[in-house]
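Think of it as A, B and C in the order they're written, each chain with its own count starting at 1.
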Amino acid sequence: MALRSLTKFNFVRQGARSLSSTASLVSVEVNDKTGIATVTLQRPPVNSLNLELLSDIRYNLTELGKNKSRGAIITSAFKTFSAGLDITEMYKPDIERASKFWNTLQDVYEVLYGSAYPTVAVINGPAPAGGCLLSMCCEYRVMVPNSIIGLNETQLGIVAPPWFASTMENIIGKRQTELALTTGRLFSTDEALKVGLIDEVVQDKDEGLQKANAFLGKFARISPFARNVSKQTIRGETLKRMSKDRENDLKRFIQVITQDAVQKGLGLYIESLKKK
Amino acid sequence: MALRSLTKFNFVRQGARSLSSTASLVSVEVNDKTGIATVTLQRPPVNSLNLELLSDIRYNLTELGKNKSRGAIITSAFKTFSAGLDITEMYKPDIERASKFWNTLQDVYEVLYGSAYPTVAVINGPAPAGGCLLSMCCEYRVMVPNSIIGLNETQLGIVAPPWFASTMENIIGKRQTELALTTGRLFSTDEALKVGLIDEVVQDKDEGLQKANAFLGKFARISPFARNVSKQTIRGETLKRMSKDRENDLKRFIQVITQDAVQKGLGLYIESLKKK
Amino acid sequence: MALRSLTKFNFVRQGARSLSSTASLVSVEVNDKTGIATVTLQRPPVNSLNLELLSDIRYNLTELGKNKSRGAIITSAFKTFSAGLDITEMYKPDIERASKFWNTLQDVYEVLYGSAYPTVAVINGPAPAGGCLLSMCCEYRVMVPNSIIGLNETQLGIVAPPWFASTMENIIGKRQTELALTTGRLFSTDEALKVGLIDEVVQDKDEGLQKANAFLGKFARISPFARNVSKQTIRGETLKRMSKDRENDLKRFIQVITQDAVQKGLGLYIESLKKK
């Protein structure tokens, strides 16, 4: 890593600026030689996806697109890849903020799942729920041993939206997705490899970055245009269905989180986290 | 088994009563502790699915739904899981009864494939054609060794309807389904495990029931609501397409069984069974 | 092979006759005992799919359909199965001929992917791009060792159309298809077997023909009608989507090949081939 020529990105965020905390929640380094960007999530302690972190992810991924990136590697600055959606965004919600939160998650999905540039997730620690979704949006996944990944929403009494499910189906097929979603299964690294939810096991983050660069290196001599059209051919239907359903999807989200039973459940869950 | 606290269900069937034979063709036992129902098909000798057996299955599965079942295990009282649709329903058919027969099969499919409660098939013997379909509607399949399962309709000169095919596709994928349907393949237990048509091999029915209870036990602490929404997310499209097409599907069935060539074939087949 | 009773087909081509070169580009031999046809592509040196070869394929496959064939085996007279679309059809194109060329490819796809009779590809050498497509249209694929197969279009700066992609998806699933198309991957024989792109490895063409006949032999006692309806159930959606989109698909093809950048790329590629 030390030998790479890196440029630290300093995109000036316009408009949405106020959403961002002072310290950036996402760092982007671009290798000048390969044109590959490493996008590191760094919201302590576990990259819980709140409105601000999602906004920063959306912003940076969009900027990479505008700059005709040769590829992006998503990873974490911590021992957790991402703990998933920040539950405090759903607990005793301000509806306006909660709506922005969900819309931003939808945006991140569209920008990442549909990105013109190739993407790899270096899953250097647990990736439950929304963390799993982020990694599933990438085109390749490498993961450290003895970790966990999965859409475990039902374990928390909530439901992964249809587009989470479709995205998993596109990777591991309908049968395994049904089993995974209904049981809220968190796969171990080995189980994830076996079922095809990840592509390679790596010893640590450094090896993960090497493998990610190797995967993206395959595209060095391939027409980015032809590559991207092929990607959209495969992902287009899922993306289109999701985009068409954005408003209903938001309504369903707001409806769920404003239920007494769900609020009670989230309250108990947050209490249990505080005690840890 | 002997130690479980069981309640024998005695649903009072209304209206459709006359369809039922005096001796019940389906027995339902509910474990009072777990809330899990064991649904045993018991139409001698091989659970051929005629109008009466299908009506009893539909009735009992629907009642379980109304009673917010925690799960259902489908198995057989005999050495055959189910020999599939009763061919005598199609031979020299009374059109009114044949239509009821097919509509009831459609109902059973909708009730079982779309059930809000989780389901397991303990396949304790051969499960060709309609027997395979029944087991494929469940969320988990365990099977005894040295048996057979598959949609072998083409071997009999008839065709598995599109919703049979979709249901198999959702389990083993398009490629394997095409090979299986065109060749009318009956998979051995080992082959079924390898291709993913079943989930586990068990030594006998008792072990099958244990494994089934273990699978359903996973859901003990999961919100039935969240679980069911996830199931519908995965199965909804297939169910919706089938429900929309019910009338055409019935027409096609009647059209097929009223063909001279098919009647001749069925006649020869029934003769050959009698000689055995 | 020597012992088989073979009838050499001499279909009299009407109308499209002028498209055909004097020496036939496709030979068809029918085994009088089994009714199985061996369709051998023989356009030297590597069965590049130009307008004439595609026309001959379309013609012969259509005739087999009219004659209620019991099955067709597609193979090559050379050491290459097929090098794919003939690039000279796209280089400095006459738009009328290029349109006929593309329409004929679409026809071949519809006739082969949707054929009422069963089909096997004996892939006795490299099958890149259009060669891979031809083999993927068959119901079974056997391949010689140490060869290559895949949709490598992106490696050439062009894009496999959506129906190429769908056809691959129907065999190896969405995940593997995305990886294959974006990287323009050519699978080795062993890799193709592992991912399910081919069904068996055979030592040579003769063993391939034996295996192909063995696969087609499975259908000897199965109703061709029931078999075909099952095939259409699985393939119908993909075929229908392709047929509906034929005109747009042609427009996109013409649009792509009339781009300066693509012409320049094709020119360089043709130059590099000449130097070999």
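Worth a mention:
Criterion: a contact is a pair of C-beta atoms (placed from the backbone, for glycine too) under 8 Å apart; a residue touches a chain by one contact, two chains touch by 3 or more.
In UniProt terms the chains read A, B, C = Enoyl-CoA delta isomerase 1, mitochondrial.
Model, not experiment: these values are computed from the prediction.
For the pair chain A and chain B, the fraction of shared interface numbers is less than half, so the two copies use mostly different residues to meet.
Rounded to a multiple of 5, the C-alpha superposition of chain A onto chain C involves a rotation of 120 degrees. Mean C-alpha position of chain A lies 39 Å from that of chain B.
Chain contacts: chain A has residues 169, 173 touching two or more partner chains. Looking at the complex, you find that chain C touches chain B at residues 118, 139-140, 169-173, 196, 218-219, 222-223, 225-227, 229-231, 233-235.
Here chain A touches chain B in the complex through residues 153-155, 157-160, 162, 165, 169, 173-175, 177-179, 181-184, going by the rule given at the top.
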